[in-house]
Amino acid sequence: MKLFFKFLQIAIFVLPMIAMRQDKPLKVIFFGDSITQAGVNPTGYITQMGEMLKAKNQSNQYELIGAGIGGNKVYDLYLRLEDDVLSKKPDVVFIYVGINDVWHKASSGTGTDPDKYVKFYEALIKKMKAQNIRVIVCTPTVIGERTDNSNQHDGDLNQYSKLIREIASRNSLQLCDLRKHFADHLIQNNPENKEKGILTTDRVHLTDAGNKFLAEKMLEALVQK
Amino acid sequence: MKLFFKFLQIAIFVLPMIAMRQDKPLKVIFFGDSITQAGVNPTGYITQMGEMLKAKNQSNQYELIGAGIGGNKVYDLYLRLEDDVLSKKPDVVFIYVGINDVWHKASSGTGTDPDKYVKFYEALIKKMKAQNIRVIVCTPTVIGERTDNSNQHDGDLNQYSKLIREIASRNSLQLCDLRKHFADHLIQNNPENKEKGILTTDRVHLTDAGNKFLAEKMLEALVQK
Amino acid sequence: MKLFFKFLQIAIFVLPMIAMRQDKPLKVIFFGDSITQAGVNPTGYITQMGEMLKAKNQSNQYELIGAGIGGNKVYDLYLRLEDDVLSKKPDVVFIYVGINDVWHKASSGTGTDPDKYVKFYEALIKKMKAQNIRVIVCTPTVIGERTDNSNQHDGDLNQYSKLIREIASRNSLQLCDLRKHFADHLIQNNPENKEKGILTTDRVHLTDAGNKFLAEKMLEALVQK
Amino acid sequence: MKLFFKFLQIAIFVLPMIAMRQDKPLKVIFFGDSITQAGVNPTGYITQMGEMLKAKNQSNQYELIGAGIGGNKVYDLYLRLEDDVLSKKPDVVFIYVGINDVWHKASSGTGTDPDKYVKFYEALIKKMKAQNIRVIVCTPTVIGERTDNSNQHDGDLNQYSKLIREIASRNSLQLCDLRKHFADHLIQNNPENKEKGILTTDRVHLTDAGNKFLAEKMLEALVQK
């Protein structure tokens, strides 16, 4: 009899959770640029995250959705926020944008000023928070893998990363500090101070190893409470 | 008796309209950059439009509202569209933006690519049309007053102006072709092919004469049906 | 008797000139960027000029030498002036540079300011004149073939072309106004206002037709007195 | 007798050299941009170096000559090398250029590509060495005083500094590593990580303290053997 009550007690708490879990996996959207667009490729970081979850028998707990478009800057995300994120009612959104905001300054004269970068970034966050989305903000990775801050855009990338860390702090958001993760990894794994070839193929876009590394770091952030 | 009812019928419909006209002037918002921000200064183009309307005894028919912020590009307008335009329920909106989208390419590496310029421009229009606003689109004026297409940014300004003309046509909107108006005026009034000093003080921002000229052209567009 | 002396007089002056002409062809150097580098290819403009001269049986009167290097701007020509031009003792030099000086402003942030463009251009001329070289200056052709001044860099290219025309005039040099020649040709032959495909393959580098057209215009300039 | 001649022989060669030394101070030219142009102002770094030498009673041993022009990049130095340096027959030349080569990329699209920077730099050195000038090469100081590599141009400045260190090493030249000196000083003296106000007034041009610091470092380099 006691046992029956115990079972009942457990059932009352656990069964609904199992039900919820089975019915509705956590919907996670990756909102970003070409790196994220390539993230759903066979060896892309989103695909690899899915495989990592499968290996842990947690596939059914997460629905991973790529929402990356090549060349996107922060204001492009803002323009398609409703269609590509809000309307999909996600539980979690990773915002991973900033490389083009810096890079395009030199390559086509169409980058984003830092003050406007922050303005649009916070406008994104405000609308997501209004929909109770758990937002995880990521610092931009790299444009060049040299480890001595001598890649052309390092100063700007460091600056924009600081701005994102401040945004995370100011808005009490979870930070996935990809730029720091990459720097720490490269210090160990790029002894020749090469410009590319370790985590990136072309200074920006990821090798399979780069995608794997990113997948690990984002998964850590995702499961972290 | 029949006549009386007919009169009554008309009165029921028409009198309120007359009343409405007197009670509610047409609300006109000028949505733009630093030129529009300066438009509400004592000799600014919006102020001068107001004086022109007063001289015609039509002051009470129009409410002119400046909504210009220095340095704004098309995506900045999109970010503040709700707060600075839609929430104010205007009847008419002049969109006058594009100079910084071109200019900042060279001066800070933060201009706007033409395809994105169009994308944000049409997003602005879509939201305004959904609120039944009469939208008047303006081509960007000048960065330099030389008349032989030898100002540094003439190629780009001509390109963006063509894009706006196409937007107007595609969306059946009224066009206020300021760049053409300026070109026509300068051909007549800049025989020495000077870079500034006729309609602008500094190649971009308007002299009193420039503001007056702009006021005339915008007023023509406003009263035109 | 008088006639004999007259004949003798003429012979004294003319015969050596004929002799010289036959012994020593006029050495012509084309000094420029990637367009000139490609000029010595099988269908390049310098090769085609050679064939045009051959068709007129004048091959032996001219030695045509390409001295173009991809990506060169006016100051790059200055750096290699001694090695690639002066030391070769040419009779004639075509200077054809300016496209990269304008283009690289947007594509890599490393174009040339107009005042410095003029400064280096005149430094080139001064050193060539000191060696009695006949200098022919060329205006830059195109970055984009649209005929309504709506190619991004048209304003700047028009400006730099004016600067070259002024340099020619100020230094009493022969002008080969390629930009004007291209514009006149495209007005006739680009009715659809296409960006490329008539004289250029990619808005800048020349099609076979473009090389032929350039060869004709340069040959006209070369034989002109 | 033999000894007397030997002595005489030595005297003939050595005495004038000693005399020359006393009569002819070491001629030192500072070859650079606006920072060097301002170096001859009352509190400029060249003026302060002069005062430091005076305090050590060594004024008569050095003639310090400023040859800085605002906005200069490496190729501008090359253009005026003959007139402003070689023709003056200096004993020592400080080359201090690079800030504009980096900075103008963003501010006007007219910076200098790194490979061309090296090319012109080595062309400068080659001509100076041919005239037996002792060349001291300086790394560029700063565009922004933040100490965490988050000034916009830090990546590029670090890159160009490395290129200069390689040039020094490859050409066996003395290096005055101003960028390193500034970094070391700012780590100690800029605890708030300010962008300007310690050694610079505006992120680039020097405060009196900045000029003093520069003067000390250059003087160290000058007297060093």
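Order as written gives the chain letters A, B, C and D; numbering starts at 1 within each chain.
Criterion: contacts are C-beta pairs under 8 Å (C-beta built on N, C-alpha and C of every residue); 3 or more make two chains touch, one makes a residue touch a chain.
Keep in mind the model is a prediction, meaning the values are calculated, not measured.
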Inquiry  = Pick the pair from A-C, A-B or A-D whose contact list overlaps the C-D contact list by over half.
reply    = A-B
Inquiry  = Of the chain pairs B-C and B-D, which one is connected by the greater count of C-beta contacts?
reply    = B-C
Query = Centre to centre, by mean C-alpha position, how many angstrom separate subunit B and subunit D?
reply = 53
Inquiry  = Can you work out the whole-Å distance between the CA centroids of subunit B and subunit C?
reply    = 46
Note = By the touch definition above, subunit A meets two or more other chains at residues 105-106, 108-109
Key: Touch-based graph of the chains, sorted into line, ring, star, complete or other   = complete
Query = Which positions of subunit C touch subunit B when the two form their complex?
reply = 105-106, 109, 144, 148-159, 162
Residues of subunit B touching subunit A in the complex = 75-76, 78-79, 104-106, 108-113, 116, 119-120, 123
Inquiry  = Under the stated contact criterion, what part of subunit C meets subunit A in this complex?
reply    = 105-109
